[in-house]
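Per-chain residue numbering starts at 1, and chain names A, B, C and D are given in the order in which the chains are listed.
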Amino acid sequence: MSSETDGRAGDGKFGEYGGQYVPEVLMPALEELTDAYERYVLGNEDGFMDELRERLRDFGGRPTPLGRADQLSARYDREVYLKREDLLHSGAHKLNNALGQVLLAKYMGKERIVAETGAGQHGTATAMAAAHLDMPCEIYMGRKDINRQRPNVFRMRLNGATVTPVTVGRGTLKEAISETMRDWATTVENTHYVIGSVVGPHPFPSMVREFHAVISREARRQFAEQVGGLPDAVIACAGGGSNTMGTFEAFLDDEDVDLYAVEAGGSGLGVDDDAGVAPNSASLSTGTEGVLHGARTKVLQDPDGQIVESHSVSAGLDYAGVGPQLAHLVDEERVHAVNVDDDAALEGFHRLSNTEGVIPALETAHAFGYLEEYHQELGERVVINVSGRGDKDLETAIEETPNHDVPNAPDMDVFEGTGGM
Amino acid sequence: MSSETDGRAGDGKFGEYGGQYVPEVLMPALEELTDAYERYVLGNEDGFMDELRERLRDFGGRPTPLGRADQLSARYDREVYLKREDLLHSGAHKLNNALGQVLLAKYMGKERIVAETGAGQHGTATAMAAAHLDMPCEIYMGRKDINRQRPNVFRMRLNGATVTPVTVGRGTLKEAISETMRDWATTVENTHYVIGSVVGPHPFPSMVREFHAVISREARRQFAEQVGGLPDAVIACAGGGSNTMGTFEAFLDDEDVDLYAVEAGGSGLGVDDDAGVAPNSASLSTGTEGVLHGARTKVLQDPDGQIVESHSVSAGLDYAGVGPQLAHLVDEERVHAVNVDDDAALEGFHRLSNTEGVIPALETAHAFGYLEEYHQELGERVVINVSGRGDKDLETAIEETPNHDVPNAPDMDVFEGTGGM
Amino acid sequence: MGVEGAFGSEPAFVPYLAAGDPSVEASKAYVEALDRGGADVIELGLPFSEPIAEGPTIQGAVARALRAGMTPRRYLGFVRDVDTEAPLVCMTYYNLIYQFRDETERGGPDAFVHAAADAGVEGFVVPDLPVEEAGPMRRACDDAGVDLVSIVAPTTGDGRLRRLLEISSGYVYVQARLGVTGARDDVSGRTAETLARLQQYEAALPKAVGFGIRTGDHAERIVRAGADGVIVGSALVDVVADGHEAGDPVPDVADRLADLADELKTGAVRGRDPGPAEPERN
Amino acid sequence: MGVEGAFGSEPAFVPYLAAGDPSVEASKAYVEALDRGGADVIELGLPFSEPIAEGPTIQGAVARALRAGMTPRRYLGFVRDVDTEAPLVCMTYYNLIYQFRDETERGGPDAFVHAAADAGVEGFVVPDLPVEEAGPMRRACDDAGVDLVSIVAPTTGDGRLRRLLEISSGYVYVQARLGVTGARDDVSGRTAETLARLQQYEAALPKAVGFGIRTGDHAERIVRAGADGVIVGSALVDVVADGHEAGDPVPDVADRLADLADELKTGAVRGRDPGPAEPERN
């Protein structure tokens, strides 16, 4: 990829996307962060990357395995391999970035961490990284997301983080990001904002991608060693896009490897302009160019440019924007932007759980919903990133399954009386 | 260790402990299993151990890391290292054994798996292994444990297992084991009983230890590579003892390494003979010799020999017996049997969560409670096995913390209204 | 007369009840009713907290007996007090035997077997004590001149079977099917198969078959298939449990037990009848 | 007269309200009341769904205006209809500008700036458009002959400050403290510091200070510290919000706004008074 594409040139542009659309008060912090990113992360100054790699191994549990899914392979008459980010400490890929940024904040001399969270996975990962590195930490989370991802709320609090509910709007990730930016605008001098995906102003999209690139670097090597050669297709679910960018990065130059970013189709595509709501979170597939949270990218908006509320059964994909580099890679046709709806996601959730013994996050489940529906269009050897585990989603899955068309769900009656879970 | 001590002689005796005290109907199955254990596990026949090692890596996520706990090291003025079995797939060390036994059942041509579970971790691990290897699976679980470990109940069901509540007695692990033995007595010809700890009749104590020995084999090598030499002390929590036996095995011959098995002291030591209840699960520290669930070992019993109900805030330690080899090692003074009470366990739970960013299982938390109380008696370099993660215990921890004396707990008011978690 | 002697020319009826279920007094009346109803040997359960070989019915009996305060020591008193002609076999689990201490603080199998023999017990069945672990118990029984009955299961292969038949005394407890105790509505195909297998062994000991026998009809078919006796537990315990639940007077329940005992004994005897076998039902 | 010309010999009072809060009609009355109360320039908010630079007060105003149906196109009509002497500056976020399409389907900054200028807007403040991204907007404003006001923050270092002062036209919006908009009960120490820093720059443009000014007294002190004008948003929005919540008649609320405007303008003017400064309070 050219430097323009990968954003390493330092201007933070991916074609027309990217940039730094933030209040002036934050601009000096972005300059400082860009400098720190280039020196510590890209330049390994003071052995930053060495320490990070060691902590990712000893605290995070890297490398995560790549394993063959025997049952799915038989079902789809393909070789299906699972990259197991669900086994990363905290239960999702998010820790790669959270640990990287909290450590970077420490190297930068910051004294406090703020972060937004949707599914709670980024918040949990950040809270864990902050506890591990002894940094005070505050997490903003939408009220609706707090209600649907309670186990993660408790985990953050147990890790010593303050969880601050965000009540404006629909109370999901979009509002949480806006609110965290407001905190940061107030505290920017001693505080680092650990953004949770490849979104936001430069250098976040590049830096977050860089922290997650370890996923695909490992997977590519593991595939070569365990299977031989390269996979034909690599699939990952996409909300903001950190999971896809991390899972795709090392394969970007391998032009024979098809890359699929699976978005949340929710209950239907398109935008209801009158209600100001999209019943989906498919900004790559159906969004239009706009400026959100500091970057120019694809967003879900009405014709005036008002950002609409997105929807997905999975809190972690429930976002109206997407990372600028991912948007660019889709425009360039290097990445296929696809999506499946809530039903398919729940079906994927149950299928992986009861045929492979891996309970995926509802976010991750979208990738398996896609595999089920479209495996015939894929090549012989498929790698899917299991971006997170589903422990946080048990309640939601049990509640939502009967409301959806999920032919492979187990008998849900045995889950009755789960209100008190 | 002599072959008598480690039970590899095949007679299943550890000093006076061990043996096979089961109904005749099961004896042929134990003979068959002993034979399979010796051939496949000890002899690697048909490459069984090679396949197991590969699946433990690719499905289970082995090796699990050994990482330095910076905050605890500073607090105790010692080098404290965490062996991270909480990062194993399923969230606890239990998968080592569950995957081993389900795979063995497959090699033996069995068609169905039964297992008991206390904390639900062994049941979850077994259900996941069974799904992974495409084996039907039924899990027996005490009614009380079902209520206090609901996330694990849901996980088992999502993995396709049948979870059968056991309502006799107090409805904990002891009753679940008895009930599983009854199932096995009925179905023994096509069914394998995956027992969840180093308990039960020979060859289970030896076989389960062997499957978990990977923990200490890795930890010993990792310590030598990352730190150098051997630790001075190794600490693990003990219920049935699979965690301790797995964590100690490779260190047994290293006589300078002190080994600590931390039992659940519950709300107090001793047995209330009249009520037939022990307010603890400290069978090693306070139990007497007896025969329970197929083995002669240390058990919590009244003077007549009736097994009493044990108690612990952690379901996974809540058991009135203990593995025969562990009992023997304590008699031989190779292993120190120690215990801490519920308060100390909850304190350990919160300390690890908010100072290291690792939320431990309540079982595991006992080891950290011990570290807090007795670190001054330990050597310079301490390894503790984090046997499992605490996601399954969030509800219990939040409910129980205010009922106990836990000076380091976070402000529990923010957890209010958790009834509906 | 001894246990083995109770298997006479007629097929034997061997009922089981848990001592102390649902109370010491009622239990005594029930055991005596079985005796009255024709019991040849009585298996008298000494309740243990973890009855791993029992199904729900006998688990219930054990739990009631424990709640009523039955202990090993009280059990010995019970044996002393109960008035039966049939010899009593103590059915229990090994831990209670292992833990037993007599007045001299002598402990374990030796102490228990002697104390039980003193009280009048003439034999033992210990379901969780397989032949491999039975040495100390066997020696104690020999020493005290009482029997130790082995259980043979459908899974028991030829090698084990031979060893079991060698070590057993009094009779051999033939477990008619897989699983745990519990009355069934049929005589399983497995029962016939197990009995057929046993026919090949010309063991000197009587073979009593248990697990699942509920009616005189069952008993008849079991005996016809070659058994020297039938062991019946859960079906009798059901009568005790139902009576207890309904709050029926003890003498009424005892009469019902005697009636069922009579049916079972009569069925067993019919099984030895050389006349034409009844046609198999369903 | 233009925006810059509105900063005359007297210190300027620059109020902010969101167009359409809480309804188009009421909002029009309120903006006109500010004009009556002495506004020199009016920052008229075009509401955007993600107002990341705003505190809770202005977030509330924006939400009410959106609920009342305010859109970019209606905003232009509003500007046309509202009757004020003070020049209007459009305060909004970049995405609305970026998305704008005029009748000819020409889009983006160029289309919006011209359409707005046609309607009567004389300048723009776009909080999420830093100098680095401002090129297209700056060119459109130059082309349309209107101003683009830059914001200077307390964190802005010397290098950036110079670039900002260069590119800004109309006035410089001096953000008096860290954070987002919102009235405060004090003038922070940071305000004085920021103003002191600005004194070193002999920029040609007027410097209007905002973020946290609530009272005439605040305004006075800000001007005394060197500001050419005071920008007041949240304190005025509070009046709108309170009136809306209480269901007060629009003219009453408008009068309150005019009164507060008068107090603020008077305070600002007092700050230019060469007499002895009032002693600092609390």
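By our rule, a contact is a pair of C-beta atoms (placed from the backbone, for glycine too) under 8 Å apart; a residue touches a chain by one contact, two chains touch by 3 or more.
Note that the structure is a prediction, hence the values are computed from the model and not measured.
Peer 1: With chain centres set to the mean of the C-alpha atoms, which chain is at the far end from chain B?
Peer 2: D
Peer 1: Between chain B and chain C, what is the separation of their C-alpha centroids in Å?
Peer 2: It comes to 37 Å between the two C-alpha centres.
Peer 1: Between chain C and chain D, tell me the centre distance in angstrom, where each centre is the average of that chain's C-alpha atoms.
Peer 2: Centres of chain C and chain D (C-alpha means) sit 96 Å apart.
Peer 1: Quick one: report the Å distance separating chain B from chain D, using the average Cα coordinate of each chain.
Peer 2: 65
Peer 1: Connecting every touching chain pair, does the picture come out as line, ring, star, complete or other?
Peer 2: Shape = line; chains linked end to end, path left open.
Peer 1: What chain pairs are in touch here?
Peer 2: Inter-chain contacts occur between A-B, A-D, B-C.
Peer 1: For the complex, which residues does chain D have touching chain A?
Peer 2: Per the stated touch rule, the residues are 48-55, 59, 63, 66, 71-73, 93-101, 127-133, 150-157, 160, 164, 175, 178-180.
Peer 1: Give the list of chain B residues in touch with chain C in this complex.
Peer 2: Contact set of chain B toward chain C: 19-29, 168-169, 174, 178, 181-182, 185-189, 276, 289-294, 296, 299, 301, 303-308.
Peer 1: Would you pull the chain A residues touching chain B in the complex into a rising list?
Peer 2: 55, 57-61, 64-68, 70-71, 84, 87-89, 91, 127-132, 134, 150-151, 154-155, 157-160, 163, 226, 350, 353-359, 390-391, 394-395, 397-398, 410, 414-415, 418-421
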